[in-house]
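Comments concern the structure below.
In order of appearance the chains are A, B, C, D and E, and numbering begins at 1 in each one.
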Amino acid sequence: MNAAEHHDAPQQGERSTGQTVALSAKGLSKDFRGFRAVNNVDLDVVEGQIHALVGPNGAGKTTLFNLLTGYIKPTSGTITVHGKDITGREPEQIAHEGVARSFQITSLFDNLTPREHVELGLQGMAGGGMRFWRSDKQLRQYRERADQLVDEVGLSALADRPAGELAYGQKRALEMALVISLDPTVLLLDEPTAGMGREDVDRTIELVQQIAKGRTVVFVDHNMHVVGSLAHHVTVLMAGEVLARGTYETVRADQRVINAYLGEESNA
Amino acid sequence: MLEITGLQAFYGEAQALHGVDLRVDEGEVVTLVGRNGAGKTTLLRSIMGLHRDVRGSITLNGAEITTLASHKRARQGLGWVQDDRGIYASLTVEENLTLPTVTHPDSAWSLSEVYEAFPVLADRRRAPGTTLSGGEQQMLAVARVLLTGARLLLMDEPSEGLAPVIVQQIRDILLRVKEQGTTVLLVEQNVKFASTVADRHYVLAEGAVAANLDNSEFTQRQDELLTYLGM
Amino acid sequence: MSTHTAHSDATTAPGPSGVERVTHATGRSWRHLALLAAGLVLALALPRIIYPPVAMDIAAWALFAVALDLLLGFGGLLSFGHAAFWGGSAYVTGLVAINYGLPFPLAVLVGAVAAMLLALPIGYLSVRSTGIYFAMVTLAFAQMIYFIANQWNDVTGGENGLQSVPTNFFGIEAVETDSFWFYYAALPMIILGMWIAWRVVHSPFGRVLVATRDNAPRARALGYNVEGYRITVFVISAGLAGLAGGLFAISHGFVSLQEVIWNTSGKVVLITVLGGIGTLWGGILGAIVIVVLEDQLASSGFEGIGIITGTVFVVVVLLFRRGIWGTVADFLARRKGREVEGDDVGIADEEHQP
Amino acid sequence: MNSVLQYTIQGLATGSFYAIAALGLAIIFGVLGVVNFAHGACYMLGAVVAAVLLDVIGLNFWAALIVVPILLFIFGVILERGLVRWLLQLDPLYNFLLTFGLSLFLVDLIKRQYGVSGLPYTIPDVLTGQIIMGSLRLPTYHVFVFVASLLVCLAVWMLMTRTRLGMIVRAATERSELTRALGIDVGRWVTPVFGFGIALAGLAGVLAAPMRAITADMGSSFIIILFAVVVIGGLGSIVGAVVAGFLVGLVEAFGQAYAPTFSQVAIFVLMALVILFKPNGLFGREESA
Amino acid sequence: GPGGDGEGEFTDGKVVIGVLNDQSGVYKDLSGPNSVIAVEMAVADYEEEYGDDAVIPEIEVIDADHQNKPDVANTKAQEMYERQGADIILDVPTSSAALAVADQANSHKKLHFNIGAATTELTGAQCNPYTFHYAYDTYQLANGTGKTVTENGDTNWQIIYPDYAFGQDMDKSFTAAIEAAGGTVGGHIATPFPNDNFATFLTKAAAEKPDVIGTMQAGGDLINLVKQYGQAGLADQGISLAVGLMFITDIHSLGVEPFKGVTFTDAWYWDMDDESRAWADEFMEETGGRPSFAHAANYSAAKQYLEAVQQEGSDDADTVVGHLEGKEVDDVFLRDGKFRAEDHRVIHDVYLAKVKDAADVTEEWDYEEIVSTIPAAEAFRPVEDSIAAGCNLGD
């Protein structure tokens, strides 16, 4: 398996400096009715780093995300978070292990306001959602923190509008707020800037940088500007397999990556 | 070819378009830029007859089409690539491609031409449409409309979420389409992409046309536009 | 639903409900109080207006409908098999009353607990699906319960039913023999059941429930065990249905297969839809209309009650999807010139996202 | 051994009704996203109309096989135009409820009109009697029903998967707005497809008429079994509907032979097992995450 | 008679007869609206017969549809007794509904004559002082058909019965009757209920090569079974079919063809003699159809009740019951009839009937041929057995 060959070098180096691995996948594969979307992928995400996952369309990035967060079950391979095996767990259990994700296609509760979204996220982590005998005034305890988060992503003016009425960019922002509300140790962001204007993109970059402090982030993005400004480490996927890994600079100089993915833009 | 005057569009009580005036001539490639929520998608959907809560006038080749049913507009040569791609889960890739009515056989691409341009699609022709990745679906959506031979393509952010190589591929295809004399109205956020394919640019802000620039003006004023429009 | 078009990351399964936004209303509490008072007055006056056994039927069906709406309107799950719990509890209540002579409130509670136990495995299997799939699966399971009740002769009395279920009430004869007084003895349990439903909706649990209804995968990503919530609400709903079914059994003094047959599941759905999905209290109005209508039709000499109830169903679904409660609330809101946006009642006419 | 063969044929004959009717249910669901609760009532109408036409104008069985489905097709068209269409844009549960109300209406209407004790029906002599092979006696009619329904299922499957019409129909189901924008007049197809699905239910009814009691209630428990069939097969799966239809027929026959008391429960146990291990049914699509 | 002298005692100045039955479900044809008409005929006949001598100031007939739902029956019965002043409720098919109404009769101390239901519980464990069981029951059906068919030479039986209370009851009663008559039951095949597919069961039964298959199915299930019996060609193999419970309305709706040669027990047949035919003609004028035994029984029950009231000059339930207990009567329905005091079973002659060949049918509703008459004393469950089953009216 050629993926194994060119992956060990940088990783070994990092490990020897005493950094711990927050999220790790070993030999992960997924078949969809005979079609192998993810093939024997090894991935180690070092704690505290921002890790980008890039690759051509259909490389298997979203599928990998879905595997890591339990939305689909791997055909083979194992996944660990902070050393704990979570293979085959349900999404909500993985969330409780401190792994939060956003969705490539916006996925919100159309009838809830941004504030209610965030309250829901805060409660999800704090537990207590099952308390059907208590009053929902309980949720007020999260109000302050919720307003703060909504403000951080620039939605305070819209805090009380149902999410269904927001424009796309605003929804993406809310998506971010929701992910942060889970206060995760590991964050998986699927194309956080897709469909955003430049101003929003820059704000999102800032936001990601800010929330990445003390956290581990894995994200997918096609915007090389975003990848370049954020990622400490890049893994390039191609046809379900790892094509290359390393820093942004090493990866973008890799000829295979240029051929398969970046094309002429790398010279631009 | 396409002429729009005083177009207003509504979502219930909210107004998304506040009197858009715009024209696209035969053979032109025109982009529509503007920040999120400016109303670009709404405009395209209104032209296509999918958003019907509108006032104003839309004419195609001089004929009023404001109230025409959308399948009839399609038959008059309008082709639409929707922003969320619109791929059928219950159809295979090939069925997705062959589904639309071929309206202008002379300008229509053939299936083999499409497969040549997008080899991925050929590989997965028997797979259900939505098992393709986001980017593959985008290619499928573009390819599909090429097969109909539509004379005026309405494309809503075809480069969104695509890998740079694929974006280049789409751009090449657009250039090829343009060469064939097909007219294109393109919604685009990617300014660089827009400036390499288009002749003219409409800047949409808050539901109205804020500027109509040709390519050189557009490139010149790019930075100003970017900050002004927040793109 | 999601199986039909499984194409996006978010295979949401919206129930027919929709805009029920559990609002934290301020300043509207006086309206709620007025409504509550009106409801209580109605509940107290009912057996004076309507023949007491019929009034009792209304109360039981109303609670049954509220239980169903808890599941349908807030969990987005349409159960077409709730008769299993209403009837299951009725049988258990009847058996307990006959064999142990418990005072009826206790017997009914035992019945309700039994319904909840029954709901556990059925719920476990059913909540794996949503939308229409869920409706069909629950219907099929209820039919299974029906077959069992029919065949388990020695216990259920089969076709003959359980006859002579006693009404024991601490030796208070008025309640035990007079349906007028029985109504007042049973009413607190009905109100208790409704209060539980209200509590559940307006709890942190209720909030999450609505979220799982609107977008289950997303709720999962927020760390919520969606199936867990669905099973929980299913079991609570079954318990409340059981409470209603047990009271019904006591008030009639017998239990028959009628309580577990699928038409009973259909009837409670009709009542709920007529009252207004996602309104919680709509079922009360629905129960008044349907129970009285059926009672009248039974003595009217009109053959073919289904022609009327079927028509009512069709008309409501076509023209008054928000049900009586929703339509009235809507109308009042409009008249007051208020925006209907964010209203706390009614069902959505939202487009179904494929 | 003999009896096993005999039970198999009986199971397949019963399964024929399930398969054809479930096919109609699956197609309607596939195209309109509607689960037609009135499908049992339409099956009943098929049998009742056949019986009434025999009585009133002497329409024989062979003619009924053609005429009755056509009449039900028309009925379906009216139903779609008049009622179902108005709810297509909404959550599919609304049409489920609508058709539920409709089935209450239809059943009691037929009761009022034709009583409750059932209607008589006779079939051509060719189909009476038994095919005798050694010690095996197979009712001719059972064999006929099985073969006929197999052909119908095959034809429908080809129509849906191999023709452009089938493709349009599937596309329109899924994204009617986009399909219009691709130049296809969707509205033209929805109605006939609904009618077609109803006609299949009617056909099942005609086929059932000679061996079942023709009463207003004949569809009431049928529809519930039908639901179990589509849940087992996978809702919206055409192949699933047919395979599960025959499968349930066999389960019923063998259940009756070896554990009669539990034969009906057996169907639901099968269903429970299927949803336990394959929540989307045997042929349902795997959900994407 | 004692009633001749004018005014009697009447609770509210009138006698109210409630007819509570199924007007929209499976028993609609058997009893249904036509039972109400039969009762009205009885009232008219009473008024005509006594004219000015009638003691009852006013007679009112009310009716309701219980839709075969026991809870509706229960509420309606309660309403009839309490609100509408019913003195007696008639008919009430469907066992569960019947038992519920009997219970209401008992607690209201008002009368109930049950006609439409078949359960022997009404004269067994659930019997009560205010309820009489009038027309037929499972024991009588089994005894009639099982015994007579066996005695006629078909001794080797297979029984197919629906696996619920009624069917199990019938299976037991039939077996007892057959064995008492010297026959054997080779197999008891339980089937689900309701069920529309009997092919497998018939195959199983036929495999044992019996003389006769006895089916305890009723209604739609019976029709299913009869059709599938025809298709399986069992008649050609010399296996005949005896039916536990069948009504003339079943034959009417399907025609005689499918039932060719089937034997069953009927409590009464409209064309059995001149008296019955005369009444059936009257009935036909009113309704356009011929009466089922249930219609005749409703007529008879109303008539006998009014007669008793007339005799006693009172509608007091205890008085009427006292009058009826042990009374022997003969009317168009009750031949050699008697109101048994011990268990409130009303006994009378019943008949073993055979469905006519199509060629022998001369007019509409001409479907049955009476094979033999089973005398009242033999037709019903002996009193000892009722008491053994738990009936205790002896106080």
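Here is the rule we use: a residue touches a chain if its C-beta (ideal position, glycine included) is under 8 Å from a C-beta of that chain, and two chains touch if they have at least 3 such contacts.
Because the structure is predicted, anything quoted here is derived from the model rather than measured.
By the document's definition of touch, common neighbours of chain B and chain C comprise A, D.
With chains reduced to the mean position of their C-alpha atoms, the one farthest from chain A is E. Among all pairs of chains, C-D has the largest number of C-beta pairs in contact.
Work out the mean CA point of chain A and of chain C, and you get 42 Å between them. Centre-to-centre separation between chain A and chain E, using Cα means, comes to 75 Å. Inter-chain centre distance (chain C to chain D, centres taken as mean C-alpha positions): 31 Å. Centroids built from CA atoms put chain D at 47 Å from chain A.
Among the residues of chain B, those touching two or more other chains are numbered 89-90, 130-131. Listed for chain D are residues 30, 108, 111-112, 174-175, 221, 261, 264, 285-286, 288-289, each touching two or more other chains. Across the assembly, chain C contributes 5-9, 147, 151, 217, 303-306, 350 as residues in contact with two or more other chains. Against chain A, in their complex, chain B makes its touches with residues 35-37, 84, 120, 127, 131-136, 138-139, 157, 160-166, 168, 189, 226, 229-231.
Every residue of chain D that touches chain C in the complex is listed here, in rising order: 29-30, 33, 35, 83, 86-87, 89-94, 96-98, 100-109, 111-112, 174-175, 221, 224, 227-228, 230-231, 234-236, 261, 264-265, 268-269, 271-272, 275-276, 279-281, 284-289. Those residues of chain A lying in contact with chain C across their complex are 62, 69, 71, 90-93, 95-96, 100-101, 103-105, 107-112, 116, 119-121, 123-125, 128-140, 162, 178, 182. Listing the residues of chain E that touch chain C in their complex gives 23-24, 28, 32-33, 62-67, 69-72, 74-76, 78-79, 83, 95-97, 99-100, 103, 107, 119, 121, 126, 163-166, 168, 192-193. Those residues of chain C lying in contact with chain A across their complex are 8-10, 18-22, 24, 199-200, 202-208, 210-211, 214-215, 217-226, 228-229, 232, 236, 341-342, 350.
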